[in-house]
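Take a look at the structures below.
Next come two complexes, and both contain chain A; in the first it sits with chain B, in the second with chain C.
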Partner chain A sequence: MTTLRLADITFAYGDRVILEHLSLTVADGEFLVVLGASGGGKTTLLRLIAGLAAPTTGQIFFADEEVRAPSPQRGIVFQDYALFPWYSLRDNVALAVAKSEPRLSRRERRERAAEYLRAVGLGDAAAKYPHELSGGMRQRGALARTLALGSPLLLLDEPFGALDPHNRARLQNLLLEIWRAATPRRTVIFVTHDIDEALLLGDRIIALGSNPGRIIGEIKIDAPRPRSREDIITAENFRSYRAAIQACYCRRDDDEAVDGDGGGI
Partner chain B sequence: MNLFITKTMRYLATAWAAVKELRRVKLWWVPMTIGIAILLELLLSNHDSQPATKYAYYRYLVFIALAFFLTLAVGAKFFPRWREKLLHISAFYTAVFLALNIYHLATQKFGLLPALFFPSPGRILEALVVDFRYLIVDCLGSSAKLLAWGYFTGAIAGFFTGIAVGFNKTAAYWVNPLTRIIGPIPPTAWIPIVLVAFPTTFSGGAFLIALAVWFPAAVMTGSGIANVPNAYFEVSSTLGASRWRQIFYVGIPAAMPSIFIGLFTGTCSSFITLMTAEMLGVKNGIGWYVNWQREMLSYANVYAGLIIIAITFYLLITLLFRLRDVVLVWQKGVIKW
Partner chain C sequence: MPHRLSGLLLFPLLVGVWAFVAEILPPQSRYLFPAPLAVARALWESLGVLWQGTVASMMILIPGYILAVLAAVLFGIPVGATTWARHFFAPLMRVAAPVPPTVYVPYAIALLPTFRASAIFVVFIGAFWPVFLGAVSGAATVPERHRDNARVLGFGRWEYWRRVAFHAALPAIFNGMGVGMAMAFILLTVAELFGANVGLGHFVQYYADFADYPRMVAGIIYTGAVTFSAMTLLAQLQKRMLFWNI
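Showing the complex of A and B:
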């Protein structure tokens, strides 16, 4: 079943076209990865879906309703600026709980918040303020807050981009665990510029070309989960997926002159 | 000749050893300094330019101080915490009592400074003790009432002005030029107008103080809110926060550090305005007392008033710092100021 539909989206700042004639449908419970170079309009795409910006032309439908403004139905995790520094981790999450479960008392909300924090492995840090936490912990906290919102659609904007490889791997596993454990599964749109990350996480990968941003390729990953990190590098099927993705960008490079950042993949 | 050099060298070595010894007994520096002060006070006779006081207030002070610091020094042998504290404050209080002693010698003992304008410490203490009740209950009470009225009115008005300007474009359009024109005028410059325009000097004074606090509070609240990264508002809108929730859960907490800077600036300028208002128009309060005693040429009382002012303002600023530490606990370690 289709839950999200983008119908011929174009987005421009004045003369600068960021996204052009972009159409996309996402199925319920699908884990979609949007792959693209930095500055290629990936974040803009996510902001449009979240309702933080409106497309110049075209429409976005979520659950058969047009997207016009941000809503807790479409939770987003930003790469940075995620947590409010003036609230403790628990209060940050409790804010989302207040929205998803408004009937709870103040104390119950905090208890629910603590549960979400335990789920991302931050049970002991609930009372801490964001500045007391490492980058990885902060990103876990942001994830917990968005999960607490109970949104059927999760938008993740390079959420692990600023983390060291070790923490990144741990958080990728955590995200997959949480996504697979929930019934019904949440729909996830995950933005990244890292092919390995895309292959590890996605049911489907959308390759986004830049200047202007548009879909230049689409690969369905038919590999069983959980996927091993080693397979992604060495296994035959993943090598062909990787080749297919790289081919999308190479073809584009042949077609037209590309700005410096176009070849970042 | 050779003998002379040897002797000098030996003296120098002894002096150096004494200095090193002094560093070793840092815990006893303050009692030693006070001891010297007491010795000089007892041995030297008073200069007759300074009028005699009824009681020997200076002696009481130094003896009490000696008892206090001796207790600390002895206690330091038993409590490591005391020792640490005393080692830390030792140098500072040595300097304090040294300065007090020098001033005492220059006034009371040798009469080096004009006695009219530079009363001895004993005379200042006498003025403080004799007028204490009047200073605290009448003068400080009256000043506190005026300051509290003006300060809270100004701070609250400034806070809401800042919020309006920070969140509402229409409010910003109309209010910003106003704050830019009225704001930089020193509040005390309004005194000639305010004194005739207001029914009582109290209400006029309170208005001036309010004005002094309002400007920095409004500007810093407004700029604090304007400088909140838009990402925070976006995050809160994806969390489903309404406009009002965004103001109270995002804008104001995020602007708090800036608001406190405004309140600090406002506090300082409210003190200035309070003193000036009391010296120029309001007919009571601690500022008025200082000015009145100056006209009477009783400078011991002027100093006594200044000491009360210093202590009070110090306590108020400390209070504000404490409040900030509680409210901005989330900032601890991020920003230091």
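Showing the complex of A and C:
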């Protein structure tokens, strides 16, 4: 079943076209990775799906309704840590709980918030404020808040891009655990510029070319889960996925090449 | 730290210069420029009266200032966060805010029934505009990521004002509160010079009229100390409330 459908989207800032003739359908419960270079329009694409911006032409449908405004149905984790700095972690998450479970009392809300924080390994930090936390902890907090919104669609914009490799690996595992544990599964659209991350996480990878942004390739990853990080580097099937992705970019333009170790494109 | 401590050395230095100047002045102009010791004696003798004056002045300053801050924030956050309201009020702000509020003093004294009411009113006007401008500009320039967050969380208008715009505007509000506090003191003392029979401004005016300059200077120094204490208190409050803003 299709949950999200982009029908021939174009988006421009003035006469600068950022995304052009982009069509895409995402199935219920799918983990879709959008891979593309910096400045290629990945954030713009997520903002359109979230309803934070409107396409210049074309339409976006979510659960058979046209997207016209943001909604807690489509939760987003922004690229930069976007918790409210004036609220503690618990209060930040409790704001989301208040939307997904409006009938709870104030105390119950805070308890639910603490549960979400425990789920991302921040049980002990619930009373802390964002400025007291490391980048990884803040990004977990942002994830907890978006999970607390109860959105069936999660939009993640390079959520682990600013983290060190160790923390990034931990949060990737955490995200996969949370995604696989939930029934029904949430639909995830995960944006990254890192091929390894895309191969580890995605059911399907969309390669986005830039200037203007459009889909230049699509690879279905059939490898079973959980996937090992080692296989992603060495196993034969992943080598051919990687080659297929790189081929998309080479076909298109010589000065665009994908970098496998997260250094950007 | 060493810089701050060396700054404190300035005070004994200034007193020394003051004493020196008072000493070398010709005797006939000394009464206009009292020596530090004479002022200290006058200050000591007047402490009781000055304290009463402080209480009287605070009964004007505190209600006027608090009302001004409350009104400026309650009104300024929605105005700043709403594009049409911001445009609607922009001409008024440009015209009314820069008027030196001292010009209202004589009229307020004539218009309102008691001196206290008119003094509270001018303190209110003086403190209102800086805080209001701070609240409006702070609420108008909330970083996009906070606004996006609020929209994704499904915040309504009121929730946005209360949970996002207010907090984001708080640094600008506190800046306005500092300026507003200084304004409030100026207006308070000006109003008291005009029409009070107690209060700090009245004290200074009263002894100036009698040419009792040691007491007058003592009153100025005391008023300076009160102003300084109030500003320090405000700075402490700001540090506490903006702990997240680093």
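A few points about this structure:
The criterion applied here is as follows: the second predicted complex is superposed on the first by the 252 of 265 C-alpha atoms of A that agree within 3 Å, B and C clash if a C-alpha of one lies under 4 Å from a C-alpha of the other, contacts with A are read in each partner's own complex, and residues count from 1 in each chain.
To be clear about the criterion, contacts are C-beta pairs under 8 Å (C-beta built on N, C-alpha and C of every residue); 3 or more make two chains touch, one makes a residue touch a chain.
It should be emphasised that the depicted structure is a prediction, and the values quoted were computed from it without experimental measurement.
With chain A as the common reference, the superposed partners chain B and chain C clash. Judged by the touch definition given at the top, the superposed model places A:Gly75 against both chain B and chain C.
Chain A residues in contact with chain B (one complex) as well as with chain C (other complex) are 50-52, 69-72, 74-76, 78, 80, 82, 84-87, 95-96, 99, 129-131, 149. Of all the residues in chain A, the ones that touch chain B in their complex are 50-52, 69-72, 74-76, 78, 80-82, 84-88, 95-96, 99, 129-132, 145, 149.
Residues 229, 231-232, 234-241, 249-250, 253-254, 256, 329-334 of chain B are the ones that touch chain A when the two sit in their complex. The residues of chain A lying in touch with chain C in their complex are 47, 50-52, 69-72, 74-76, 78, 80, 82, 84-87, 95-96, 99, 129-131, 149.
Within the complex formed with chain A, the chain C residues making contact are 145-146, 148-149, 151-154, 163-164, 167-168, 170, 243-246.
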